[in-house]
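In the two assemblies presented below, chain A is common to both, partnered first by chain B and then by chain C.
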Partner chain A sequence: MEWISILNYPVYLAIFVCIYGCLAIGLNIQWGYAGLFNAGVAGFFAIGAYTSAILTTPHAEGRIGGFDLPVPAGIVGAMLLAALIAWPIGRICLRFRSDYLAIVTIGVAEGIRLVARSEEWLTNSARGISGIPRPFGDLPYAQAQLAYLGITAAILLVVYLLVERQAVSPWGRMMRAIRDNEDAARAMGKDVPHRRLEAFVLGSATMGLAGALYVHLARTITPDAIDPMLVTFLVWIMVILGGSGNNRGVLLGAVIVWVIWSMSEIVTDQLPAEFALKAKYGRMFLIGLLLQVVLRFRPQGLLPEALRKTPRDGNRRRAAEDRTAPAAGKIED
Partner chain B sequence: MNRKLMGLAFALLGTSALAGPALADVNIGLLAGITGGAAAMAPEITRSYQFAVDQVNEQGGLLNGQKLVGVSADDGCSPQVAADAATKLVNVSGVIGVVGPWCSGALLAAANSATIPAGVLLISPAATSPEITTLKDNDLVFRTIPSDEYQGQALARTLLERGTKKVAVSFINNDYGKGIAEAFKKEYEAKGGEIAGYEAHEENKSSYRSDLANLAQGGADTLVLLDYGDTSGLTVLREAIENGFFKNFVGAEGMKTSAPIKAIGAENLTTFMASAPISSKSEALEIFNKAFSGIGGDINASYVAPSYDAVFLMALAIEKAGGDKSKLSQSLRAVSNGKGEPIMPGEWKKAKELIDAGKEIDYKGASGDVDFDANGDVPGSYALFKVAGDDYAIVTEMK
Partner chain C sequence: MDLLSFINFFLLPGIVQGAIYALGAIGVTLIYAIMRYGHFAHGDLATFGAFIALAVTTALGLSPYAALPVAVVFTGIFAICIDRLFYAHLRTFPKIITTIASFGVALMLRSFVQVVWGVNTTSYVHGITRPENWLGIRIKSHEIITLVVAVALVVILHQFLTRNKWGKAMRAMSDNPDLALLSGVDNGKVIALTWIIAGGLCAASGFFLGINTELKSVMGWNILLPTFAAAILGGVGRIEGAIVGGLIVGIAEELSVLIIPGEYKVMSAFAILLLVLLVRPTGLFRGKVL
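Up next, the complex of A and B:
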């Protein structure tokens, strides 16, 4: 075995962490900054994945497209379409508050999944789309993976820097103000529905990007890849565990959750055969347990949101106090 | 600088190679849907995997007495989980071949992202999507289970032969149901049958009466139900019988489980038939059934015979290739191409001696002859079953 191939598994793990990192940052824009409870991550992931698949595959009988475009065009198209679909959904659904929004977005994601499963002309339904190109996919195994890691890591870095820039700008401060005290922000003359829609569309486009990155890695997309368990809820755990509102936190969450999830199987395989089989179910349990422990002992996440000039701990507590006795003083931070 | 690093890496590699035992065990990956949608089938299939591994080891092992080690991993019936598991098997466990996954979407992802680039042979005992036939696989992906395409076609021809000229088709909306339904429809219409209603239904709904009412409007009195008998297929069948939407019912192998007989009763299922792959009533199957039930296995469980064959064929291919990964797919074709001394399930010792003596062998699998075509698929042999008492009995073989 060539020495470089020893790296194959860590590299694959890292590619997946980058893809989940994109999803987590997308959710962080929505939940961490704007307080939007989007439980339909899988839906936007699916839109991105299928869009890029349709744009970049060669022509196929019986379904739309196969436009044979280059991969970057597919990725850009994925982000655009995810944003475009998020816009009307946001217009309708963002009127709902927190938990109602969660219910509506679950419904939307489920709708998207059923469309992907059923509409033959669009997604080739249950059989899915195969033969999707991967940049540098013709290189030998290890080199192809390293090249793809380079691409995903570079994209993730760009996304991270842009979102960080956005978060420290007046826009970011305003989003936090809307999140923590909507009435006060409105009183300050902020266009709350419009701003929430901005955050929703931006976050959804980032999720679409993650879908595109996934599809060019796997080179195939079938409806069972948009399982809410693996796409929506795992991402939520990453965000909550890492620290919502902090991009470095959610990236740390992505690393921890995916590495534990993937590598725990290597550990459980050392057990005797009869336990090793049962232990496969233990992986999900382990992630759930981790979430419980973090929520119990560190509810703000491992790397909590860092706010400037915090005289007392717990801006969240202050925000809660604001809600009972509105004092608009801190809105401009 | 770079050269120094390379030198260091090679030095490390050298020491690790020296440290390794001369007769390392041979690892193969056993991907199984232990969690996820196919979990109900897991206990018997993993037992069947392990049974084949044990037989090989009990009868002298591989090559120069090395042990065959099956490293089991979970494919979760999900593309992400399967690709992750396959990457671990190939790179961490160092397997030279993989048996599984069971679900077609999972197989496509695992093969594309790990086994094909790594040049590792993959044999699936249960993934039936026609999409796998056309996969660009460098001749590294094989199946011991026929594609849905074959079964759908065979079912269509058999129904027409038996004089059923008009049917309604209801199928579960996933790759399995859709794959069979499409192949059935194409063949049935091409041979002059009429499809009076063709609809997918979602799994795990509490009632399918409205779907059934729609289908019944077409005026067919036979319902072709392509679903799983343990879950939604059972509900559809029960509601169709209760409400008298149809008179006759025909299912595929997913419906041929004990659940309908237990839940609905044999006396109500006199007009119910199901097609399923049969192993051509072969001597090989009898040998396998006897041996497998001898260790407490359930011979009527789905996919146990193809699973056993997949592992046994993998072992034969490794033996034939002398443990050389790059020759595995070529060797796999060589050990089961219809030419040479027949080898029955469990005859590992005989096979090994013949291979070592340089003779041609031909494995006769429990699930059929498993002679692979150019795409790595096997043609299926099927029969139509009816309910007889607590079990199923063959009505006719399907061509």
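Up next, the complex of A and C:
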């Protein structure tokens, strides 16, 4: 079976694209549809990862669980807990402009990292949780990877279809109305904080799902496995580059950013050891710069949000201008 | 616990830490008041300033305190450059876009520090400073200098904002940018001035954080949450609020170890932030609500 191992690297890459695709769609629900600035994506990702790990591992001494549940139960649990933690945060912050949400979600991500680090009874602190089951994990390596790619791709497809369906439904229209003109939407009787809360919780649950998918791939999780700033930032650049408000766009962004990010690692690994470590930080610098370049030259992203109806003559030019504006809405004062 | 050990182990370290937060929070609050967005690169700008001071100290062999003014001025000018390069063209967009850009700038600043100075912990001066004993109150010389310089900076800033023509222009623009523009205030110059002040104070806060603890590449990111908590607790846009807020957050952090485990010390700022948003979003001094 030589031919199959040639595929190993692309398959590995594709699995991560699917996981980051889930994260990007989750952020797109929050930012693209509702204009919410979640700066703690990595936190919800970590909640999902740890929850599924605790639920599905066999019983272990010295920490809670494991409960030895099947993997789907772990995934559902991950989504539920991510949603449950998002709910009070949203209740407090979503009455205000999104800056508050951003700083509070940074705090949440930081808090989760601290809990993972210090609570031995819950997360086994620095040693982390290992021996996490993986569907079709008994197969030889290459086949197991392919099977897992199939699972993640199928889940991503389901998430994509459901969220697309949601976006064209009255709910999606209402969300865009709130994002683009909060006052008008409120005047039409929409409960703005409540609707924002829905988008925030739904997006966070999707991020928790991505965390669960990651942990069953890695089969082990430690507090330092998830670099909060890096994960959060990669997802943000995926959404902004791809085109916020457009799920196909953010998936395209996930493919482009993840391929660039992984491929550049291959390049920097060729460097001598003393440069290789610095090169990692150099790559992060370039990712930060990429965001600035996108915001400068193509703020609407590669695939901008599509407006469904062609407006009548008089409005056509203004609508074209609107389309080039970033999908952020007028949420400043 | 008697009064002296309470002062020595909790109150004084809290005040020193609070002064560091206050210096950062003044910048955050000024930027919000004049430009109307949260600046998330503030913590990493502080790291940058602290490492500039380190570079000056090691390159010229000066005392770190002599390097402080250099770092303050340099970081102030550097902040204007950041604004021109990355924020200025976003002014017509919704403000939250600039906040996202500042998040990217934070990553760039931090990576820059990591590439140039590495990720290891370092410090300005090696060895342990012995605390001085004043009637039982034990305080280290760098703590005294932190407090004196912080108070001096705040007094100078206050005089500038209330007496100087440009300081008044800044306050005018904070109150009503359109009216200020019509009255002949040059908004571009006020924005540049704001960045110089905020950047300089930011470098000072990073420097004092470095001299009271140690220098590392993530130290600025770690003080971002307490800094914002201080600014919001004091009331966004209120300078006196940022000072009081900084002191409260700093003292609360030190006192929190009495009731919660030490690892969660930084979470007390988070708790204060949530409490303020829940109970009094305008902050103690009735600032703006974002």
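To be clear about the criterion, the second predicted complex is superposed on the first by the 289 of 333 C-alpha atoms of A that agree within 3 Å, B and C clash if a C-alpha of one lies under 4 Å from a C-alpha of the other, contacts with A are read in each partner's own complex, and residues count from 1 in each chain.
Just so we're on the same page, a residue touches a chain if its C-beta (ideal position, glycine included) is under 8 Å from a C-beta of that chain, and two chains touch if they have at least 3 such contacts.
Given the structure is predicted, the values throughout are model-derived calculations rather than measurements.
Looking at the shared chain after the overlay, A:Gly282 reaches chain C, while chain B stays out of its contact range. Contacts of A:Ile6 after superposition: chain B is touched, whereas chain C is not reached. Of the two partner chains, chain C is the only one touched by A:Cys93; chain B is not. After overlaying the two complexes on the shared chain, residue contacts for A:Tyr160 are found with neither chain B nor chain C. Using the contact criterion defined above for the overlaid structures, shared-chain residue A:Phe37 touches chain C, although it does not reach chain B.
Contacts of A:Ile266 after superposition on the shared chain: chain B is touched, whereas chain C is not.
By the touch criterion stated above, A:Phe67 is placed in contact with neither chain B nor chain C.
Look at A:Ser118: by the touch rule set out above, it reaches both chain B and chain C.
Of the two partner chains, neither chain B nor chain C is touched by A:Phe136.
Chain A uses residues 114, 117-118, 277, 281, 284 to touch chain B in one structure and chain C in the other. Interface residues of chain A facing chain B in the complex, by the touch rule stated above, are 1, 3, 5-6, 8-9, 12, 16, 114, 117-118, 125-128, 130-131, 140-141, 144-145, 214, 217-225, 227, 230, 262, 265-266, 269, 273, 276-277, 280-281, 284.
By the touch criterion stated above, chain B contacts chain A in their complex at residues 9-10, 12-13, 34-35, 37, 42, 46, 50, 71-74, 77-81, 83-85, 87-88, 90-94, 103-106, 108-109, 112-114, 117-119, 129-131, 134-136, 173-175, 177-179, 200, 202. Those residues of chain C that touch chain A in the shared complex are 36-38, 40, 85-86, 89-90, 93-97, 99-101, 103-108, 110-112, 114-115, 118-119, 221, 224-225, 228, 232, 261, 263-264, 266-267, 269-270, 273-274, 277-278, 281, 288-290. Interface of chain A with chain C (complex): residues 35, 37, 39, 92-93, 95-100, 102-104, 106-107, 110-111, 114, 117-118, 229, 233, 236-237, 240, 277-278, 281-282, 284-285, 287-289, 291-292, 295-296, 299, 325-326, 328-333.
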